[in-house]
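These notes are about the structure you will find just below.
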Amino acid sequence: MSVSTTVTEPDKTTTDSAAPATAPQPRRSRARWRPRLHHFVQLCVIVVLLASWELSAGRLIDDLLTSRPSEVFPTFWSWVVSGELLYHASSTFKDAFLGLLAGGGLGLVVGCVLGQSQWLARVCEPFITAFYTMPKHALIPLFIMWVGIGSELRVLTAAAIVFFLVFYNTFFGIRDVSKNLVDSVRVMGGTAFDVLFRVMLPSALIWVFAALKLAVPQAIVGVVVAEMLAGDRGLGFLVAMHAGTFNSDGTFAAIFALLIVGFLVDRLMNLVTRRALLWKNNDTTA
Amino acid sequence: MTISTKETATSPQATEPRRVVFETQGMAVGFGDRPDVLADVDLKVHAGEFVALLGPSGCGKSTILNLAAGLLRPRRGEVLFDGRPITGVNTSVGYMTQDDTLLPWRTVAANVALPLRMRKVPKQRIQQEVSRYLAFLDLQHAAGLYPAQLSGGMRRRALLARSMIYDPELLLMDEPFAALDAQMRQQLHADLRRAVHSTQQTVLFVTHDLTEAAVLADRVLVIGGGPPGGVAAEFTIPFGAERDPATLPYEDGFARIQQELQEALTRARVPKQKEEE
Amino acid sequence: GPSESDGPAQNEDGLTTVRVGLAEPTFNTALINLVIDEDIDANHGLDMQPTRSGAGSTNQIAALRAGEYDFAGVGTATAADAVAEGAGLVIVAGTGGLINNIVLNADVAKGLDVAPDDPVEERIKALRGLTIATSPPRSSSNLTLRHLVQQHGLDPDKDLNIVPVTDTSSIVAGIRQGKFDGSFFGVGVADANIADGSGTLWISLPRGDIEEFNELIGVCIVSTREFVDNNPEIVEAFHAALAEAQEFVASDPEAAGKALHENSFANLDADVFATAWEQAQTGYPEGVLFTRENWETYLELFGDASDKDLESIVYEDFVAEPARGES
Amino acid sequence: MSVSTTVTEPDKTTTDSAAPATAPQPRRSRARWRPRLHHFVQLCVIVVLLASWELSAGRLIDDLLTSRPSEVFPTFWSWVVSGELLYHASSTFKDAFLGLLAGGGLGLVVGCVLGQSQWLARVCEPFITAFYTMPKHALIPLFIMWVGIGSELRVLTAAAIVFFLVFYNTFFGIRDVSKNLVDSVRVMGGTAFDVLFRVMLPSALIWVFAALKLAVPQAIVGVVVAEMLAGDRGLGFLVAMHAGTFNSDGTFAAIFALLIVGFLVDRLMNLVTRRALLWKNNDTTA
Amino acid sequence: MTISTKETATSPQATEPRRVVFETQGMAVGFGDRPDVLADVDLKVHAGEFVALLGPSGCGKSTILNLAAGLLRPRRGEVLFDGRPITGVNTSVGYMTQDDTLLPWRTVAANVALPLRMRKVPKQRIQQEVSRYLAFLDLQHAAGLYPAQLSGGMRRRALLARSMIYDPELLLMDEPFAALDAQMRQQLHADLRRAVHSTQQTVLFVTHDLTEAAVLADRVLVIGGGPPGGVAAEFTIPFGAERDPATLPYEDGFARIQQELQEALTRARVPKQKEEE
């Protein structure tokens, strides 16, 4: 939709080939941030939303159900100051990260191994599909019986969710590697080792990263659900505990914390995948 | 059937007897339990020669390249490289396929360096060679870019550099410019001729564009008449090795060659049996 | 999880550290909270490290079995089910009778033609057609409620609508908004409704409304078979500490209540605490025992309701020596 | 990778254009099912897995933790016969379906409205992102405070999860509509109405279907988690209740039910999206 | 500057004075706050004429078509259609862009029917017209297929049918065959000439392939010399309306025209100022 702006300089219009279109350009994201109109509008939207919440609370809606900004944010701030927020958030992140590591690593290895064979893939497909689609959170009660309600439970839950996502993507990703790519490397003189490490794995990596973009939020969901079902720490526990003690300020403050987490995780994931898949996202030419 | 235009070839290679790089003898090939795609194919590619395979879609042009690359075995007959039967993947060829086989996660320079790295050439040597080839194909500014950042034409040139950098005895090219627009194709024809001429590279080039075949090749083999198909006609193109593909079409005699190729191509579309009826 | 065979460690004061898993403080678990708040454990050479999670009895048992705790406070029904499934738990103390109450939405209570001070039979029969929230099926509370209404001629499946709630989050709001007509929960939960006037206390078990339940131990402290076999002296000290807390409550309920309100129940409104403590203080079994009679009462009342073979449980295997009260 | 097999018939090799390649071909999926080798191998895999589970249960692993097939399947079967399975499964499905309908419908409408403006999109982006990535399951305790623990809770949970998925996809999908497509329809004589209903909405529909492929399993996850946290019916309740009473036969039977559900849902979604996006998946030519 | 070959045009249209369908007078156009892309452009397209705009990439060819379609306004000067200034989207034109603008969720028949349906033409009439056009462009067997099921060439033909079916006064075509391979492009050139000839369609055709321009058009305008660019040269192609694009390149005089176009195109790449230096 947007028109390429690369052919406007006079000295470039004389060139036949598309070469000038590909000279590296300063990237937009590198530009120094400065407030723009839409940032101001965003601020307004927030203020209006909070104001109407504050005003309707206790009048239109029962205070107990929705609390009010003037109570939620002081609560939130008190957690920030006391370090309580950091304690719970870091617990959630630590468990999600460990689960991601364990589940992702295992998923990658198993996916690579099983993905080598067309035939194995066909045999395994229905089992993979069933486990992939099944609500893995339903395994939490089982996991509780197995490993109790400590950190192991949360890590295991996140790992189980991540494993299937990463495995599924690696498995089908590695089978999607272009035969042409493999053949071309073999003809160039590549060994089986070259093919695996220079073609197969890097190819599958796109899929793995695609999986990670799904897996990171899912890992956090898994940990949060586990924290709500059993446990004594983490942001999920914070929500459940405050809701469980009818403390709507605390409930909303905890949900607000999760909102921020969601936002930060998304931005982080964009950053990580953009860096890792530089070669993929950087198509400046159409 | 060998139709040769009357004009004498001006390049010395065309007349001297030369070493045969690639050769098939009574070769037949097919897939699964289906009948032969090609049968009784005898063809030769001499050292330093630029041979184009021209033919309708599905006639088996890519199949011949795959045989040469050792990615496929014949059903019958011999497929020889440097006089010896091809038994495994033939790493003495460079293969430039129609699809983009640049590794998208490697920069242009890293892609071009790949064959040398896999051949364990010393790092410094690799760097020199890569610079040389990139400069030669006007890619020096794109060295650090990823394939997705290149235009179609630049990608083709990078592939060409990667296929040629390890100095393969035979360069296989399968409709390498089919997806490009006319202007870029013209530019690349010039680049290719220049590169081939300066390195004395032997080329086996597949196309279904008769002008492309006539503009580039020393010799054109028209494949077709199947199934099973074979070499339906052969042409020697007389314009010599230093021709300019951009102006060649306006030279005397070129239109004639084009017309003859067109007729041969039309005939090659009809199965042999029908032709005989 | 951490290995159960790691023996409990001594801390720098020479006290033996034991890990105790507890639910959020309710009056069901008041005794153990009192032990910790008043440092009664130190009197017995113990340093109790409590973990107060939102987890229900099942999760407490899972954590205990996974080696996260040495002791856990749970409902008797859940413990019995687990043991019947081969979980190898041992009761080391009976810490509470059934310290539950039925609280009805105030408007609902007013609309009934029975008053809160009418005979208990009338009050139970008046529950016909109401929606009552309680713990999940087969938990102590759920079993008790079903048994209670059944004894008075109501079919718990047809005559009233029992809705299970895993955590207690919706109770106060639910009663206030009329999402359900009432609840049957541990004392201290719906007492918030009583305090703000949105609820009416309908039936209180610790007050002794239902005589039949007086011999019932609803909550207890359990440990694993392995721990009990390997650490008999710790189990004995643990039991003794709880017994001291029970004696404190019996001898000076006011002081005990004050201590509890200042510590474990600091968040609880003073009125709510007062109502709750008034009911709860008489609900703790003498000597924190879990006697053979207690167990037989349990079997008699709930044996048929369980899908497990509770009869196969051997009392001596199920209850640790100090809690039997037989010596 | 697979080679087109359409140019092998002799009478077709004489045609210049690619026309013969596009003659509708009998589709593979329509072929009558017959057992193949890999079906047999799948059976073997199942048998071996079940046998080793059965043999290890009670010996290598505590029976209480893993149950054993000879107890799980009779339990499962007894639920099938008694209608208990149908009762719980249909409750889960009904709630997931209602949530899908409510959340999906709302997401579609709001997405279409907000997606019309580039500027609105920029203003809303951070809010959308935060809510999109946030673990929505953490809202369940809040929802319990709001609507109690009945069917409303489960529907609301599913709807909240589905809403953001569908909204996000519709929102960004509708902005992705090719300007060229719109221009071409306008030049042909299309009105604003034509543009919305003949270009915008059908364009966004691909995205909506992509969202649905994610949303349907997610809706079920939402309902199952809500059933585990509070409730008295549904497959999630079945798992939680049996795990809660240390009945591992029942727990595994319920998980088995969810596995089957996962598999069926995946197959169903494939069927539905394949039918709806017939025009998209049917590219028989390369 | 008007270079016209010496041969006289054989078609009657080329000599008679004809109605002007599209015209720009002193037109200048640009984007945002950047300088004009085109300035002082005067061009005319007569009824029944096939005009090709030839020029290097970025010179403003598509911009001219967008002006004609009413998707863009000039900065200065007049852009007239049938003698009246264009004020909104111009629904009297058919616009075939380089990208595929077939609606992918509609079958070929439904796509082709779309302009008529939006013009509220009676159902039966639509069916007749669609069949007629599909048959004419050899698409009758593809009527029920979705765009994704078509080859590139068939897609182009379907777009052509859709652009022509409502009998627009002017058919705008923006490099419509650039993405196709040579063979298919040849086939479509023939189809297009046939269709245009039989309907007397007026066409404004953009390309940067000079052979394509010469083979198809009655008149070629070379755009360039910018920025801001303009009409750098104009050629009348003399081979008449019933020419066969497949054999035209082998006819006498064609090579000459190609060469002249090539030279004009090369000049058009150089900005005007530099030319004057």
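Letters A, B, C, D and E name the chains as they come in the text, with residue numbers starting at 1 for each one.
Throughout what follows, a residue touches a chain if its C-beta (ideal position, glycine included) is under 8 Å from a C-beta of that chain, and two chains touch if they have at least 3 such contacts.
Chain identities (UniProt): A, D = ABC transporter permease.
Here the structure is a predicted model, which is why all the values come from computation and not from measurement.
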Which number of steps is the smallest that gets you from chain A over to chain B via touching chains? 1
By label, the chains that touch chain A as well as chain C are D
Contact-graph distance - origin chain D, target chain E: 1
Most heavily contacting chain pair (counted by C-beta pairs in contact): A-D
Averaging over Cα atoms per chain, report the distance between chain C and chain E in Å. 86
At what distance in angstrom does the C-alpha mean of chain E lie from that of chain A? 48
Between chain A and chain D, what is the separation of their C-alpha centroids in Å? 19
Rounded to the nearest whole Å, what is the centre-to-centre distance of chain B and chain E, using the mean of the C-alpha atoms as each centre? 35
Within chain E, the set of residues that touch 2 or more other chains is 57, 183
Chain C: which residues touch two or more other chains? 58, 167, 169, 173, 177
In chain A, what residues contact two or more other chains? 16, 18, 64-65, 144-146, 178, 180, 229, 240, 243-244, 246
In their shared complex, at which residues does chain D touch chain E? 16-19, 21-24, 178, 180-181, 183-191, 194, 198-199, 202, 205, 278-285
So, in the complex, the side of chain C touching chain D is made of residues 56, 58, 61, 78, 81-82, 85-87, 133, 136-139, 163-167, 169-170, 173-174, 177, 179-180, 307-308
In their shared complex, chain B is touched by residues of chain E numbered 57, 175, 178-179, 181-183, 208-209, 211-212, 249-250, 255, 258-259
Applying the document's contact rule, which stretches of chain B touch chain A when the two form their complex? 69-71, 89-91, 93-95, 97, 99, 101, 103-107, 114-115, 118-119, 138, 141-142, 144-154, 162, 166, 183-184, 187
Quick check on the complex: what are the chain A residues that touch chain C? 62, 64-65, 144-150, 152, 229-232, 237, 240-241, 243-246
